[in-house]
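In what follows, structures are represented as structure tokens.
Next come two complexes, and both contain chain A; in the first it sits with chain B, in the second with chain C.
Up next, the complex of A and B:
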């Protein structure tokens, strides 16, 4: 078959052109711009002056940066591993069901994931409302004192983490279900012939075979939760935003509240590098575990 | 295996099954509670005890939200911008995915690596520069300004490339025999063969765009340009401290995506597992 190379090039370029144009404008240019801006003393909009690495060197002694960084780490700790285990538990339960019951139960677990963050916020703000929330009635019944969860710094992050797990868990459940379905049934049959207990079957068959999916879920969750903003911002309204800062929230505050584009860009670069390092590390780990097989 | 152990296993299995169903009901209960509260009169909502069904069922809050607030405008903004994001993202990714999968041209490998690399970049860090860019283009407070920065979804192009890679080469060769043009191969063979993926990806892109909060929140300051996800949480005087009213607005914002999911459950599930890199 003779290939008309010139023509193939032309068609190729025509097909990728719209994508490349959008990507250049919305992705490549802003990324470069972010790095450039981070070395300037600049307002959000308007010209700045070059200040070298000043925006970076002041970060270690910046109290708000400190809060934002450690809150992000705290939030990751509160959500990533617990959320993954909750999802695994749910998937193990759902996979036992079949037919209509299974799709109904799966829908109940998955529905929150499909909803906008504002809806999730409204529902939980109402459920945990200090005066009228149904969760407070439950606390009353249990004889525990009511807590204005989203107004206290101690409870804020755990509560938002809880809501986040509730909201996003359905996604991980789907991945685990796909992983469980891929495990050949005859392995389980062999195990049941050997009279292996449920826990041992899980420990020695399901868990190792499911590990690639578990690693995938953990990574996706980790990268997702580092970028958290929406929930923290919404639940902080009328609360104490400065105690609840996370990285993206701090970028937002510096840029859009304090009108300091340059300093905000430096924080953005730090978060950017954090995510890239984790993604790269994960990529290496995946490759190493591939090789071990 | 003794009959005794079979019984024990089934018994344990039964408990797990019942437990799963019970937890599923508790899991979804806040959703039910939100909806049911929005159907109660305001004075019933604040009663100091739990009522699982309203004494007086009322739609007054929905009526209020739809007639007294800008929710109708926000609906239109959400529909237009989400459709815009969906059509632009899916079509450009489809064409580029085809070129990357089937055609050879200089720069192809570089482009592919760029896409894979961008997969790792968190778009949240670009908010400052997106804002500056949109401001310079005078696109703040406009539909185009809401849509443009949301068009970075490298995963869609990756999924398309995978699917186009899997189309058997025989089709291409047969088409070449018939002297069919590249455009015919694309529009008559590759795209129709993958309608399923296109539907699935379009539905989830629409849901993602509908649910987007951070960027639409930054790009818009005028209330009449807000999307519904932003509007219902940012315009305080519209709803006041009326819990049932706020909840009715939330239900209105969630219904379109919830319906999209319930109607296309299988497609949504497929697209989501695909987007995580797992063959659905």
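Up next, the complex of A and C:
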């Protein structure tokens, strides 16, 4: 049968059209609009006046932007690498188990991931509550002074980072577990016949063979944690939001609290570029690891 | 180089017994092949020697040292895996050197051993490649090289040729035989391929149902199989089996086949019903009328010889061997002569008795 190429093209276009339309409407169009908005002095809704790069040039001297930028970097450092290692550690432990116990333990580690952020917030807000949180009782028994964790600038970011790792590492554990299972068992058997100690097995077999997965987990975590907002917003309530600002929180403040759409858009563009640069670097990193093979 | 002694070793997985009280003595420098169908326990037995499976009962001695409780790396054995199990992220050189680095061998010595192994296996040019850049045959060499550099007491091979194509398998088989002649090391080799077993082994250990059926030289096993199982498993094409009724006096016996034809043979057995076994090469196509005739069903021409699949009058099947230029065609009636010195009778328990 001869293929009617024209007809096939048409059917193809018709089939992808709904997706392209929705994608264009709720992603491409707002993104372009955001870029345009970032060059205007504009409220959140309504027309603005063109001001060139003013919204960008004022960022370096903006104290709140400074706080938001460095807090975001700090948060990423506190979550991404420790979270990846915690997930790897848990996955290495879980993979040693077998049968139902393995499923049960895995389910327990995965459980927090399915919780909505508001529930996560409630659980940890109560746990760390200065008066009656159980964490405080632990501090009491250890003889350490109680700390109002989410009201103290020093402890705020580390605590939110800890909660975030607890909340999201289940997914990374799953990825690592799949990666560990993909390493053929006979390679470990060969290593055991090669007199390889436990540490050297990890260092020279597991770690290098797992590197593509590790790079993937790092990338996902990086992009996810750069966009941190919900946890910081919730835990800041009753605390000191201006000290705890992160990028997305600051965008939220400028746009929805101060009604400065143009300035918010400029910060959003900066974050957008940060994410793209980091994603590109990560992609290079992964390609390098593949070429090594 | 040293001997390996297994003393009534057993192993169970859960409630299932997979190795049942096996005792075996492999003298230093011998090439022993574990031959058996899948599920016979041959790989498990090898892995028990390597230390990759625990030994539930019994003892294992390697080079005079009790080894059943030692970790795999401390048993002084090297293993070549079916899927090679090379470290994919390391170069060929590092693959071979890894085990030596682990025991903190001095660098110059490692380099020397790797060079020597590469020279023996003719893979000097491959040392800086990674496994993904090698063909199946080359990976196989690296796996063997990784074993050689350790200079182990014994080499263990777990179906090492089964992933190679037919031509390469034959070539590598010869190379393995040469390697054994050159190194004179103890080698234990697991396979389900009886050609590999016949060609490589000093002694074949035939395993079936978790136990040893027979231990012997390849020709012993081929000419005097100990049981119905061994007779059927070794040899290609397989031995013919026909129901036979034995009658006669003393050693002078007559076996009456299902189709009524009689075969005289010398064997010391009481009369009764037996299974008669005869290899295809002992069933010759006769140009003159003979006692047994059959009808050719399928004629397989292999070039150097011809396999004739026959049906006797009573329907029992038989394979006969004829010369490569055989004129027999499907449907022909064929006269058959049996070489009566190559007859085997199997009793109800499957025990073999050989005609004289």
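Basically, the second predicted complex is superposed on the first by the 292 of 293 C-alpha atoms of A that agree within 3 Å, B and C clash if a C-alpha of one lies under 4 Å from a C-alpha of the other, contacts with A are read in each partner's own complex, and residues count from 1 in each chain.
Basically, a contact is a pair of C-beta atoms (placed from the backbone, for glycine too) under 8 Å apart; a residue touches a chain by one contact, two chains touch by 3 or more.
Predicted model, so just to flag it, every value in this text is computed and none were measured.
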| item | value |
| --- | --- |
| Touched partner set for A:208, first chain B, second chain C, both or neither | second |
| Partner chain in contact with A:77 - chain B first, chain C second, else both or neither | neither |
| First, second, both or neither for A:8, with chain B first and chain C second | first |
| Touching partner for A:252 - first (chain B), second (chain C), both, neither | first |
| Partner chain(s) touched by A:200 [first = chain B, second = chain C, both, neither] | second |
| Superposed model, chain A: greater residue contact from chain B or chain C | B |
| First (chain B), second (chain C), both or neither touched by A:184 | second |
| Which of chain B and chain C A:281 touches, first, second, both or neither | neither |
| Touched partner set for A:192, first chain B, second chain C, both or neither | both |
| Interface residues of chain A shared between complexes with chain B and chain C | 192-193, 195 |
| Chain B contact footprint on chain A (complex, rising order) | 1, 5, 7-9, 11-13, 15-16, 18-20, 22-23, 25-31, 33-34, 37, 44-45, 90, 92-94, 96-97, 101, 103, 105, 107-112, 114-119, 121-124, 126-127, 129, 131-132, 134, 137, 166, 171, 174-175, 178-179, 192-193, 195, 198, 213, 216, 220, 223, 226-227, 229-230, 234, 237, 248, 251-252, 255-256, 261, 264-265, 268-269, 271-272, 275-276, 279-280 |
| Residues of chain C defined as touching chain A within the complex | 50-52, 71-74, 77-79, 81-83, 85-89, 98-99, 102-103, 130, 132, 146 |
| Interfacial residue positions of chain B with respect to chain A in the complex | 1, 5, 9, 12-13, 16-17, 19-21, 23-25, 27-28, 30-31, 33-34, 37, 45-46, 48-50, 88, 91-93, 95-96, 98-100, 103-106, 108, 111, 114, 118, 120-122, 124-133, 135, 148-149, 151-152, 157, 173, 176, 182-183, 186, 207, 210-211, 213-214, 218, 228-230, 232-233, 243, 246-247, 249-251, 253-254, 257-258, 260-262, 265, 268-269, 272-273, 276-278, 280 |
| Interface residues, chain A side, partner chain C - complex | 184, 186-187, 189-197, 200, 204-205, 208-209, 292-293 |
